[in-house]
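In the two assemblies presented below, subunit A is common to both, partnered first by subunit B and then by subunit C.
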Partner chain A sequence: MRGNLLYLDKESSLHQLHPLSKLAFTFFFLICAAALPGLDWLLAAYFFLLLPLAGWGQVTAPFLRSSWAVITPFVISLSLIQGFFTGGETVLFSLGRFAFTFEGWLAGLTVAARILVALGGALLLTLTTRPDALMQALTQRGLPNSLAYIVLSSIQIFPRFQDRAQLILQAQQARGLETGGNLVRRLKLLVPLSGPLILSSIVDVEERAMALEARGFSRPGRKTSLLVLRDSQAQRLLRFVLLLLGLGLITLRVWTLFQ
Partner chain B sequence: MISLQDFSYRYPGQQHFALQQLNLEIKAGQFCGFIGANGAGKSTLCYALSGFAPHFFRGEVRGRAWLGKKNISDLSLADLAGEVGLVFQNAFNQISGARFTVRGEIAFGLENLGLARRRIVTRVDEVLALMDLADLADRSPYELSGGQQQRVAIASILAMQPKVLVLDEPVSQLDPHGTQAVFKIIEMISQRGDTTVVLVEHKLEWLAAYADRVIVLDHGRLVMDGTARAVLASADLVKLGIGRTLYSEAADLARNKKLVSAPSHLPVTLNQAQALFQ
Partner chain C sequence: MNNFRKEFTTYSIALIAVAIAINIGGGQIPRLVGLPLYLDSIGTVLVGVLVGPWAGALTGFLSNVIWTLTGLYPQAIAWAGVAAIIGALAGIFGQAGWFQQWWKAAVGGLITGVVAAILSAPIAAYVFGGVTGSAGTDAVVAAFRASGLDALFSNVAQGTMSDPLDKMITFLVVWAVLLALPQRLKARSRGE
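Coming up: the complex of A and B.
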């Protein structure tokens, strides 16, 4: 149950929510990220909604770690670009002909905060939801089984491809392939590495397809599942309220734009 | 249980038939070993018995292959899943990747069959206990050793309770420890008596000890068929490129050096060899 998954196995009530409820939160925060008017509102959404939710799910530390790791480069680059190129009254400092304005800096921070809120909503879902539970919830709502399979198997099989690529690299090094050097030489390396990787993977696909057939994957008719997803009237209400709030935010945003 | 009548099969785009006019009957509950040199058609036979030839590979079929009273060519792979279980060499490729735990992986086939959850739970628990996998039930199948993965692959097929279990060299990529564990399990399944076992295997000593019957294929044809002792002690096996058991080799060597008197049958199991040398 480990490997490359972001998911953290905890016993919190957030973990036990139906995957669709958590997905509703994610979409709600996506709308928040796009529709909230300014930096103050966005930061409020992050600190007073997302962070308490992460705390409820017992994932505060990894939530903060991941969100700041992703957002820091955005904060720096967006501040610099917007600060110098968006005009404004208040000049904070100048580099030759270029002036860094407070208004521009604020605009940059606002864009970064929008990314932060959207990212937070996605993190909340991935940290507390098993991918197979989410896919099961979606297939029960009509997502094709094959699509769910592609998502789930890619999550698991991709790291094995990395292992295999490493193995091929070592095998080629053992035969005297130079792996150092400048960019052009490194690019040329892709040929002896990707050839065997792609070919061996294609060979695997046939066996993998047979293994799936042997397990009745293409069998028509209803499928059942070992995993039990608990839903409740309260959660259905919650999803409905989140939907209404989201729609309300969009309407408000559109309305203020036309004012 | 299984019966082939003048059965021939040709892969698409190939000139020659990989299997040629096979006539064969395997009774329910029998443990049947198949041996042959490379390219003799052993894997193709496994695919024919499990319906992958022709339903997966296409190609041309002549003659009939019966599973009970049904013609395998008339069934679909979906019908056959759960009736005939196929296990092959590469354990890693048999892990579906659709589930994150060993328990989920074993349940995957049953979910596809649409079994009620209560029955899935019982069957998975049964198989976990049977295959000695209970300790690994909540681990990811990708984090296991090759031998453990192959046990999960067999468990996943076994949970579907197939009437026929077809194993195509299931231990060829395993270390001696993993090999031992997998063979023990095959032996146990066969001894329960309700599953017909078809096993393609190079390890002749092992077939000699456990298979009811051994069939030899050569260039797609059936050339020998009999009890394990009769077939494996035959001098023709070497000519067919299959070789002999270590016990036969040792007995042959001892006979040439006049250490033992010429036996009527070469020994093929440890017990038989012991009897001869004492």
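Coming up: the complex of A and C.
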């Protein structure tokens, strides 16, 4: 796996957990993001649960960096749109006929915090889990091998495609293709750029299919794997507890909604 | 269910993996030439037409899963269902022969774009509080909110401004690629 993934190779105990245990954490935080009642609870979940877990996995810095990069535009957009258009009593300032209210701003920040918690749960998994380990854990639980192959091989080939798109642009420019210009000119550029990219890759497909067949890809039955996943009784218990906590949160949320 | 089985051969599985990479690589092209488009579903539409609706749907769905897994666009997974429907629609239009004439492909793209816009809007409105986290589209949403539309309809309006055009161009690109594709490869993807 090349450096195009979020995954960081560390020796932490979080890295060594079974992929399904980390997936259970991710789902638990997704439930938290949807079911926790307000901004204070959501921020507490991020700072007192997610951040320590990231620290345990020795990925605090990239965890914070990725959270920041994704959440900042959401905080700005949500603050502005909800602040101006949700409505409320406390007007902080006005622009023409539009009033920016505290209640709207708070509502916007709450949505941003929900996104932050869900994102944190996903980052925890992707930063500390090799995709092949995750896919293997899922195939052991009944995910078809072909799906695991599609996910893993496309993760491996897409950085080459990003390079290839750049290369095709340079090659066409070297042949005198003019980039820039008005909108119609730029639309016409799509054909000499996307054409070679797609056609060259479809020619690759046949070779890949033959290589797969030569290795007995469509052969039925169990397949052995080089990668050995470790699970333990304690982790099974952990997953069960996370499941119960998640269900509890959902029940609590539904119950308060009907109160 | 029979169609479903028929669509998943070793060849089509290898094609889906490459198509996902095409989606991601194709998403670069508008940036390279400076066009305000996404073009991130060329591979999805291609698989839909070459193989069938089920394979197209799977390509769309897994593309968004991979966008999330790789951290390129972590929120993509929320739209995985919409991406799957884009692939399925491309497959249905392909089976109906709409990719044999350019204008039919363009109409198919427009319809797909409208469907995508309508399905994406509730996700943006209810999951993400009515924004997408990208400055351009959020400014458009803000303009619609300012004109008095509610969160859901502002997002539908924003989507119908960008999605139909984007999907129409995607469908036309795929139509052009199909013209250039050797007959042998087209037959191979249909499992012949």
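One rule holds for everything that comes next: the second predicted complex is superposed on the first by the 255 of 259 C-alpha atoms of A that agree within 3 Å, B and C clash if a C-alpha of one lies under 4 Å from a C-alpha of the other, contacts with A are read in each partner's own complex, and residues count from 1 in each chain.
Heads up, the rule we're going with is that a contact is a pair of C-beta atoms (placed from the backbone, for glycine too) under 8 Å apart; a residue touches a chain by one contact, two chains touch by 3 or more.
In this text the structure is predicted, and so the values were computed from the model without any measurement.
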{"item": "Joint occupancy of subunit A by subunit B and subunit C, clash or fit", "value": "fit"}
{"item": "First (subunit B), second (subunit C), both or neither touched by A:Gln259", "value": "neither"}
{"item": "Winner by number of subunit A residues touched, once subunit B and subunit C are compared", "value": "C"}
{"item": "Partner chain in contact with A:Leu123 - subunit B first, subunit C second, else both or neither", "value": "second"}
{"item": "Touching partner for A:Pro131 - first (subunit B), second (subunit C), both, neither", "value": "both"}
{"item": "Partner chain(s) touched by A:Asn182 [first = subunit B, second = subunit C, both, neither]", "value": "neither"}
{"item": "First (subunit B), second (subunit C), both or neither touched by A:Ile198", "value": "second"}
{"item": "Partner chain in contact with A:Phe161 - subunit B first, subunit C second, else both or neither", "value": "second"}
{"item": "First (subunit B), second (subunit C), both or neither touched by A:Gln233", "value": "neither"}
{"item": "Following superposition on chain A: angle at subunit A, subunit B versus subunit C, Cα, nearest 10°", "value": "70"}
{"item": "Which superposed partner A:Arg219 touches (first subunit B, second subunit C, both, neither)", "value": "first"}
{"item": "Smallest distance from any CA atom of subunit C to any CA atom of subunit B, in Å, after fitting", "value": "8"}
{"item": "Subunit C-contacting residues of subunit A that also contact subunit B", "value": "5, 131, 149, 153, 157, 160, 204, 208-209, 212-213, 217-218"}
{"item": "Residue ranges of subunit B touching subunit A (in the complex, touch as defined)", "value": "50, 52, 56, 77-78, 81-82, 85-86, 88, 90, 92-101, 103-104, 107-117, 120-121, 124, 138-140, 142-143, 153, 156-157, 160"}
{"item": "Residue ranges of subunit A in contact with subunit B within the complex", "value": "1-3, 5, 130-132, 148-149, 152-153, 156-157, 159-160, 204, 207-228"}
{"item": "Subunit C - residues contacting subunit A, complex", "value": "8-11, 13-18, 20-22, 24-26, 28-29, 32-35, 39, 42-43, 46, 58, 62, 65-66, 68-71, 74-75, 77, 128-135, 138, 141-142, 145-146, 151, 169, 173, 176-177, 180-181, 185, 188"}
{"item": "Contact footprint of subunit C on subunit A as seen in their complex", "value": "4-6, 66, 70, 73-74, 77-78, 80-82, 84-85, 98, 107-108, 111-112, 115, 119, 122-123, 126, 131, 146-147, 149-151, 153-155, 157-158, 160-162, 164-166, 169, 179-180, 183, 186-187, 189-191, 193-195, 197-199, 201-206, 208-209, 212-213, 217-218"}
